Amino acid sequence: MRLGMIGLGKMGYNLAQNLLTHHHEVVVYDVHSEPGEQLAKEGATAASNLEALITHLDSPRIVWLMVPAGAVVDAVIDELIPLLSEGDIVIDGGNSHYKDSIARGTKLRGHGIQFLDVGTSGGMEGAAEGGCFMIGGSREAFEVIEPILKDMAVEQGYLYAGESGSGHFLKMVHNGIEYGMMQSIAEGFEILEHSPFAFNYEDVARVWSNGSVIRGWLMDLAGSAFAKDPKLEGMRGIMQSSGEGKWTVETAMDLQVSAPVITMSLLMRYRSLQSDTFHGKVVAALRNEFGGHSVIASDSGKE
Amino acid sequence: MRLGMIGLGKMGYNLAQNLLTHHHEVVVYDVHSEPGEQLAKEGATAASNLEALITHLDSPRIVWLMVPAGAVVDAVIDELIPLLSEGDIVIDGGNSHYKDSIARGTKLRGHGIQFLDVGTSGGMEGAAEGGCFMIGGSREAFEVIEPILKDMAVEQGYLYAGESGSGHFLKMVHNGIEYGMMQSIAEGFEILEHSPFAFNYEDVARVWSNGSVIRGWLMDLAGSAFAKDPKLEGMRGIMQSSGEGKWTVETAMDLQVSAPVITMSLLMRYRSLQSDTFHGKVVAALRNEFGGHSVIASDSGKE
Amino acid sequence: MRLGMIGLGKMGYNLAQNLLTHHHEVVVYDVHSEPGEQLAKEGATAASNLEALITHLDSPRIVWLMVPAGAVVDAVIDELIPLLSEGDIVIDGGNSHYKDSIARGTKLRGHGIQFLDVGTSGGMEGAAEGGCFMIGGSREAFEVIEPILKDMAVEQGYLYAGESGSGHFLKMVHNGIEYGMMQSIAEGFEILEHSPFAFNYEDVARVWSNGSVIRGWLMDLAGSAFAKDPKLEGMRGIMQSSGEGKWTVETAMDLQVSAPVITMSLLMRYRSLQSDTFHGKVVAALRNEFGGHSVIASDSGKE
Amino acid sequence: MRLGMIGLGKMGYNLAQNLLTHHHEVVVYDVHSEPGEQLAKEGATAASNLEALITHLDSPRIVWLMVPAGAVVDAVIDELIPLLSEGDIVIDGGNSHYKDSIARGTKLRGHGIQFLDVGTSGGMEGAAEGGCFMIGGSREAFEVIEPILKDMAVEQGYLYAGESGSGHFLKMVHNGIEYGMMQSIAEGFEILEHSPFAFNYEDVARVWSNGSVIRGWLMDLAGSAFAKDPKLEGMRGIMQSSGEGKWTVETAMDLQVSAPVITMSLLMRYRSLQSDTFHGKVVAALRNEFGGHSVIASDSGKE
């Protein structure tokens, strides 16, 4: 099939390659010209702007957005609307908030344009070699693009989940689970690190990856990481987060659902951003006040 | 090889079958005679007591215990000691506390007997068809039994972890991680259940099992469970625990390590044992006291 | 001083009485006429609508809102704006979100009207007999109303906290702390309830209220509650929440601050709304899948 | 009354002074001679060893231990047993584990000696000027020493809680609650510290101490601490713990009770002991593996 791919960052670039490998015709565009030029060498048609990209597509046009969530998605959609015709299909494959996807679906339907919100998982490797896709929105549009999904996904790796927003909702919750699983694995290794034993973590990750109850891709990746740096001495334990975990926690609270483990995973990420805390100082100060417990003096320049 | 298997419950029985399949000579014993008789039909030699079991083995004798952790392990070991000779090997494949395993290793070494603490993972299916084994204790003894482990485990599914106790320590932490991963997955489905969408959980588990970051055996099992009961309406949400999760949390605290997600997974299991809580009543009563917020009257017979 | 009090619910009514006791002239209004009529007997002037209320005030007019947070506050403010003049003072004493208070401050300033956001604590008793007030907004306006605050508050029980929003921000965080303190106390009694001892909780609350590190008003209230119902058998452990705790958690996450205890207090409130959970079913089902652990069948009609 | 006080550390010294102020006859002993010499100037009789201390007491002798929990208590009791007679009373006023107190009660009863386990709260100030005492053990012995307790405690500040162990059980849970309350207060100030406002924390603690729902001694102490160091810049946020919080969490788990907030308070103390974490590195490494998210390089010498 022929489709347009807008946004050629880590994920978009890999998806475009994946599609080319499967002999689809891919028209690509990014604000930076280099990735498009690179993909052109692999068979893609590089467009220099959105208007050019659209002219290379046939009705119903299929446009896959892989741009940063938030304002950029809205800006691209607003620019696309006058260029598209009734029946065309816009796909947002990024990590958009499901409420935004519901709103965008409504807006595009008002212009006769079909919209699919597609949560994409599997990391860069998955994007390149076979990922996992959760699709919400028009079932009719889904059926049109299903051959593309079939090629980009691993076997059984895509699901039409339901109405607009359901694809990104599933992806959001997937990421919440991911936070919890990663923190679980990480806490396990933390306990090993403080244990009286001298474990080889690459070996441990390998044995846990083979035959155990906790085997899975994250454990495989732990093995890869320890293979490169056996004690992870080259990095600091600062855990960034890109938003979906926070959305999961906020959504759970809006639904009055208790998700303590996913929530605590997020809070530990925030905690890791601080080398010292104010709440710690307050507790230390209170212990000193009532019990005369000594405090540890701050050491200017250390924190 | 020839070895004795003591304890033919769910795990021991399956391991014995696994060994027979791989053409090992297995002498079996259990306090109940039926499983031994059954295994005899598949080629095992059924012994009617420990003494008889030992007489069927050659030096160095290899005895694998798969009996309930705690006092039973000690009782069996005490009964075995006078029956065994220097150089014989006792293996505890159950879920023993690693500190008990260290003590048992020391005790048996005092009698010239080698001891291995082996954590076994992979569930009943793994025991039968290929599991995961974490081994602590004498390296020399490990090398003797390695051919057995190679056959019982999936490929790369066993690890000599180090000195006495390290095998059960690894298994304990493995189970702590398992608690956290299971709770993470479960919270994700809880959020889906309260969402505005109507997801098919079997489909969701399937797509998350294929190509996603959170793919793994636990997600596969979630798919199996939902295939049998799409909304799990046939069961209550009571989460039992068998001890290793609690040991992980206690060990982390002894090591002054913070493992909030594993800990919270355990606490949610305890919380699930109560349909109502006293702490909830106290908070409701306090809100009533200061703010006049109404309380919900208890309804005798409902809880 | 003379001021108008709009909203005569539990808190507004008690504050009006408090002011009358201190010989202030209070013009009152509520959508229901009864509380105003009642207060008129105690010396208040009851107005039948906002316009009437305003005509009873002198410049600079002081109007205290004690109405439900959210849309009602905006509606009342919109109705007041055309009735007020430059230099008049509007006070929101309810539990508004601090961001709304910032926006309302800006809006009212645009009309030359001064705005104060006042967080009020101390419960109904505090409103009636001396409470705690946290004030944000124009310092000039604060100085005008300070005599009123001095009379309504206990000694040292009011604070000008800073610019618009800071009063409600302080109150929000106060409530977050309150959630954590209440849950802490409640968990303590839960442990006592499951202990091998037979404690009298009223006695325990009393001794902890006198001389201990954890003495304070919440412990006093626990004593009052146990005096009425020694085991709280008359109520269910369902912990409602009215919003400020959730705002505190959301605000902490927006600030990328880890507040695990306040957060967990909120999540336990949500957990208490469910007598059984879907996540519990998922974990029970997974344990059954890999380990053959039995599940507890649901009992239709019970949950 | 006349009694012996063994152990003259921060708490024992202050209690002895408190007793002297109330005109009791106090025989004191400590392994270091200085505090006894000092108290002798205030009217105490300083003994140079346990035997001497006992000879200064009349039947039934009352001996109050204020020594470090654990082995020291046992050592002192073992040394006392041959020196004491039937009907004498031994009081352990330290922070002993309630299970040890149950065992000590049984042991001493076997020698005809009465035992009381007394949890002491109120900090050093409470010990000196009026504290809070939770008493378990023989009711008869309690009635003998009640006049002493009445004088040492604030009004209503002592409670006979029941059989052996119940005094220290109550104290243990009191400390668990204290952990939760301190962490709650501390998290509140942490949120203020990261807020867009510039609060004066001494002022905030003062207003929250007067008339608010969260008023209490800990908030008073927060005010004192901020009065000395407005931003607590002189100290690090390292939160030590002395054991009772951990015992509370362990006891809750043994009782299969979920106490998430008290537990999380303890875990945050452990977390504060680390400036960087291994689990953080694992999560950072995993994010790098699947998503190519950059890690922050460790900076040797910084951690």
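When the chains are written out, they are named A, B, C and D in that same order, and each has its own residue count from 1.
The definition used in the following text is that a residue touches a chain if its C-beta (ideal position, glycine included) is under 8 Å from a C-beta of that chain, and two chains touch if they have at least 3 such contacts.
The structure displayed is predicted, hence computed values, not measured ones.
Student: Comparing each of B-C, A-B or A-C with B-D, which pair has over half of its contact pairs in common by residue number?
Tutor: Of the listed pairs B-C, A-B or A-C, the one copying the B-D interface is A-C.
Student: What angle, rounded to the nearest 5°, describes the rotation that places the Cα atoms of chain B on chain C?
Tutor: 180
Student: Greatest Cα-centroid separation from chain B: which chain?
Tutor: Between chain B and every other chain, the largest centroid distance is to C.
Student: When chain A meets its copy chain B, do both sides use mostly the same residue numbers (more than half shared) or mostly different ones?
Tutor: same
Student: When the centre of a chain is set as the mean of its C-alpha atoms, what distance in Å lies between chain A and chain D?
Tutor: Roughly 48 Å, centre to centre.
Student: For chain C and chain D, what's the span in angstrom between their mean Cα positions?
Tutor: 33
Student: Mind pulling the chain C residues that touch 2 or more other chains?
Tutor: Chain C, residues with two or more chain partners: 123, 183, 185, 187, 190, 194, 213, 217-218, 256-257, 259-260, 264, 267-268, 271, 277, 279, 290.
Student: Chain D touches which residues of chain C in the complex?
Tutor: So the residues of chain C in touch with chain D come to 121-123, 126, 130-134, 153-159, 161-163, 165-166, 169-170, 173-174, 176-181, 183-185, 187-188, 190-192, 194-199, 203-204, 206-219, 248, 251-252, 255-257, 259-262, 264-265, 267-268.
Student: Flag every residue of chain A that touches chain C in the complex, lowest number first.
Tutor: The contact residues of chain A facing chain C are 213, 246, 249-250, 253, 256-260, 263-264, 266-268, 270-271, 273-274, 277, 279, 290.
Student: Along chain A, where are the residues that touch chain D in the complex?
Tutor: 10, 123-125, 182-183, 185-187, 189-190, 193-194, 217-218, 221-222, 224-226, 229, 232-240, 242, 260, 264, 268-269, 271-272, 275-293, 295-299, 303
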